[in-house]
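Two complexes, one shared chain (chain A), two partners (chain B, chain C).
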Partner chain A sequence: MSDPTPSSLSVSTTDPGSAPPAWRRVVDRSTRGPVAAFIASATAWLLIGSLLALIASFKFQFPDWWTEQAWLTFGRVRPAHLNTMIYGWISMAGVGIGTWLWARLLKTPLRGQGLLWTSIGLWNVGMVVGTIGILAGYSRAIEWLEMPYVAFAFIVPALLLVVASFLLTLRERNAQHLYISVWYLGAAILWGPFLIIAILLPIFSGVPQGTANWWYAHNILGLWITPPGLAAAYYFIPKVIGRPVYSYHLSYLGFWTLALFYNWAGVHHLVGGPAPQWVVTVSIAFSAMMMVPVIVVAVNHHMTVVGHFEKLKYSPTLRFVVFGAMSYTAVSLQGSLQSFRYWQEVTHFTHYTIAHSHLGVYAFATMIAFGSIYYIMPRVMDWEWGSPRLISLHFWTTGLGVGAYFTALTIGGVIQGFQLLDPDVAFLKIVEDTQPWLIVRSVSGTLMTVGHIVFAYLLARIILKSGARPDGPTYFHPVPEGTFQVAGGDGTSRAPATPETD
Partner chain B sequence: MSYAPLGLLLAVLVIGAAATLTVLFYASQKGYFRNLEAEAYMIFDEDEPLGTPQDQVLHPSDDRPPSKAPPASDGES
Partner chain C sequence: MTRTALIFLGAFAAVAMSFTALSLLPSLQLSTIEPTPGTNEYTYDEQLGRQVYIREGCMYCHSQQVRPDGFGADQARGWGDRGSRPGDYVYDDPHQLGTMRTGPDLHDIGNRQPSRDWQLAHLYQPRSVSPGSVMPAYPYLFEVKRKANVRPSEVTVPISSKYAPPGDSVVVATQEALALYDYLMTLKLEPLDSDQNG
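Entry: the complex of A and B
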């Protein structure tokens, strides 16, 4: 650990004629291969997962479609979609984004690139084996853990290699202070592998297995997927608008309360189930306590952006990330409220739950991942995005898609829940009444998939450095002079003074 | 069916909370939270100072000359 501004960082440039690179540029370049490979792999799994999602969703409209092929039946396609999205898309994207942030915020070139390349290879092999395993009928039938054991024989070592690279980089850091994003990323990189190893232990069966299953599934969302999302939001929002986080103290309060509370919350999924009631009650209590970190983060992000909302019109990164940050507030508060017994009695086993999970994994985590990638890739590839128009199309298809998806399944799910509680309503009538909402689900899923294809095309272009090289930032609109000069949180151009450090 | 495996989970929860508090205490003792508000500015420096556009490539005038105008356009007009 040394000087916080590592101007002495000595890494040779490939172009001796160019000026000596700034430390930030050197660090970005050190992450190029692994970050691009993680993000490209993640995007490939996003496309595969989207295709599986569409097949599953359209089966609600066409139940006789592809029923002769066992591997294309709903019971296989749907878990294959979930696993490709969780372990393929959002996990690999999170590691890619986290790797870049880690090196940047520790102000040192990435260490252990070879470990990360090996990790990428193992991880992709594990995903192929796991996805084919589910489709071939070797699902373990445990939600969020459907992939057969052999897939995790590749994925767990891959995760441990990521941990090793992160620790090597941390050891060589040039930053004295660990920025809040580093805490979130560091915690996730330890929690994630730990959770997976714990749940794979062959000691659970029966009710304890269900209990452990939902402890795990909830934690993989809150302690593995959520932290990189919040880490990215805490970095990109201040960076793009050019002002520090509204309250750095609050950001730490949010992190430590998440670290203390979240681990206990998962078993609220078993309200009404056979698990010991005191276990469920403890989880409900901690779910309610999760309102503390959520409100803290929400207030902090909102107050950071106040006075800068007009920048959402121009910056792709800011628009995606702010959309994701707002969704984090929504999904987390919704999660706390729906853990209560009186509400679970209505919504459990309905499409409402599916809407909630998509609000978390998609509207929050995925949208922040998209925004982060729009910021990161130009820096690691030394190239700009090719088309603001296509980025705009990507935003609106995914934003409107997930908005319609969430709205339709939430309303449809609540109606479905009340009908299920009414003994006078025939079950077939309930099934028929969900049909309009499931049509919206398929249409909005198609919209999101269009956005994913557009995103994959843009990503391929920037990785291949296709087309002519632009020399400036990619904004949605030409930015009026002075727009990004507004630095004060009060909407004025009065920039806050940088306080003295110790 | 035995509920004994849930004891492992309970141990994980308690040990996890204890470990979290230990790290928090250790970090506090090592001074990681000293002068905290000022450290929020560590993501800015002379290259990317407060209040300047930072949603762009770090060094637009790179070792390869630009071949066309910036793509900023009326992408949503």
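Entry: the complex of A and C
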């Protein structure tokens, strides 16, 4: 129980059926405070971000609703939504999940708890300042960077404190082999602060500011939000299924190609704009090359899951994470294709782009975050979720919600794009034809928000350990004997064969 | 440790490289660019108006970049007689290039719709001049007062009867609304000098 060294590991893994190895409990416990606090803060921002999203969306149905209040005008609420979701929800969730994975995969108790607590405090203050700043009219109006500088004066140090804690933990690691998830997390924790600091340098204006802007915004997605998502998918899919990841070599290939290609891809947002042609061309080329890492990851995950799809029926973690991993493939291939000039000519400047970004940040990153949290929290809190029905409700509202959202805005956006290319279609006609799709957006957004409220409720219950102690891991349906017997599975009763034990 | 360091430093170097290429190089390349004809430093009022444009997030529905010949239908739609050039933006910080066209591109709005009455009425209530528009109304950039209280220096905005305030009240533009109008009128794409027609 008190021995966190890997020596205890070798004993218990050769002894299937015993309790989880002692070191794992110790490591999980060591992450309790910071991980729970990061995830709880993230979820609070998720709720705020959802509310802002709904206000922004319903304004298209009711443009004269709440127009006297400057702070509720569309042009402020929309960036406030984006910033709370990106820097509040998905970043803090990513750090929370990443922190837990980091300690677990390095097989050592988390170091620098105090640093992480300080980070959480600073980060939340920064978010409050930033969100209120945008609503109060201090937006910088640079997409993905709207929060005023002062907000970043809190958030950047918060990030650096996370880096420090990660390095301290890394130094004390007991793992010989660094699993691929560690690569992704370690790289992201360096990339994130670098991106933010680089873009805040006050050296840009005019068109170059535009290229820098899209270099940044796209990289925050690809190098800060994506890696924790992939790290989680690489960990949880093999873990829950109970077999090793299909190929280590593919996982390295996927990592390096992402690291080398992704960061060149962002400026395709300026295709046909006033940016220097070569910059845009380079970006298009690298966007196309992004197919390599994406296909590599997709093949690797598919080959891991293949033959075990029936487990999706039972395990909440697996269901959310596989949904997310499949969305990753979809969003990335879509991204590669839409960077081409012809398709950009049609879809750029339309709601199609909004659909695409929600496929990435929501259907991929957010769904994986949900799944990971369903796995992590019981281990961190030593308590169970208790309500399969509510988890199921959460899954279906968010899954169907984002599905409808994506479909509607994709179709609506393509129509909008072709109409914009036809000078004979009056502009107000385009506005009118877009309306039905925007109604679907409001409805599906409402559905997703319901899911978020359910999720927040479940999270509050597990953190507060309210009610009677639920027994056993929470599955959607009673699990037939043997389903998760291969090793480990979603429960805690078996030692896994992967990934920690190799 | 060396292997670990290699992984993370390698990954880091990859990104530092693209930062140099995609962010710093364009800055250098365009640092000597000449402003296009008609592109001037903003006056105090224009800058104030630009600030309102930024604050209210007009950018989330309006781009400021007319596409070049042979790409898209911007020019055929009458959104400008030429594509936008880097020289059009030399005084723009922050840039407002935009990524959405829920509303029309505005880079040439000064030529397209110079009427002050139209622009102010449109900001006060878009649906009073463009029925079916989804653009937000900005009533807080205006004051509604009794006709008798309007000072001669103030600008009264004619509003169509459906949206006009009741009784003997009228809509008066605030300094911010007038400044925003001034800023919109700076958005004009003038023909290029012959040597810039590259």
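Simple rule for what comes next: the second predicted complex is superposed on the first by the 464 of 502 C-alpha atoms of A that agree within 3 Å, B and C clash if a C-alpha of one lies under 4 Å from a C-alpha of the other, contacts with A are read in each partner's own complex, and residues count from 1 in each chain.
Note that in this section a contact is a pair of C-beta atoms (placed from the backbone, for glycine too) under 8 Å apart; a residue touches a chain by one contact, two chains touch by 3 or more.
Bear in mind that the values here come from a model prediction, so they are computed numbers and not experimental data.
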Chain A as common anchor, with chain B and chain C clashing or fitting: clash
Contacts of A:I391 with chain B and chain C, given as first, second, both or neither: first
Touching partner for A:V240 - first (chain B), second (chain C), both, neither: first
Contacts of A:V279 with chain B and chain C, given as first, second, both or neither: both
Partner chain in contact with A:D28 - chain B first, chain C second, else both or neither: first
Touched partner set for A:I142, first chain B, second chain C, both or neither: second
Which of chain B and chain C A:G206 touches, first, second, both or neither: both
Touching partner for A:A259 - first (chain B), second (chain C), both, neither: both
First, second, both or neither for A:Y179, with chain B first and chain C second: first
Doubly contacted residues of chain A, that is, touched by chain B and again by chain C: 178, 198, 203-209, 211-212, 215, 259-260, 263-264, 276, 279
Complex interface listing, chain C residues touching chain A: 4, 7-8, 10-12, 14-19, 21-23, 25-27, 29-31, 53-61, 63, 65, 67-68, 71-73, 76-78, 83-86, 88-102, 104, 126-127, 130-140
Touching residues on chain A, where the partner in the complex is chain B: 4-5, 15, 17-18, 21-22, 24-25, 28, 105, 175, 177-179, 198, 201, 203-209, 211-212, 215, 235, 238-240, 242-245, 247-249, 251-252, 256, 259-260, 263-264, 276, 279, 314-318, 375, 378-379, 382-389, 391-392, 468-479, 483-487, 493, 495-496, 498-502
Parts of chain B lying in touch with chain A, wherever the complex brings them together: 1-6, 8-9, 12-13, 16-17, 20-21, 24, 32-45, 47-64, 66-77
Contact set on chain A toward chain C in their complex: 59-60, 63-64, 67-70, 73-76, 78-79, 137-143, 170, 178, 183, 186-187, 190-191, 194-195, 198-199, 203-213, 215-216, 219, 223, 259-260, 263-264, 266-267, 269-270, 272-276, 279, 282-283, 341, 345, 348-350, 353-354, 420-423, 427-428, 431-432, 434-435
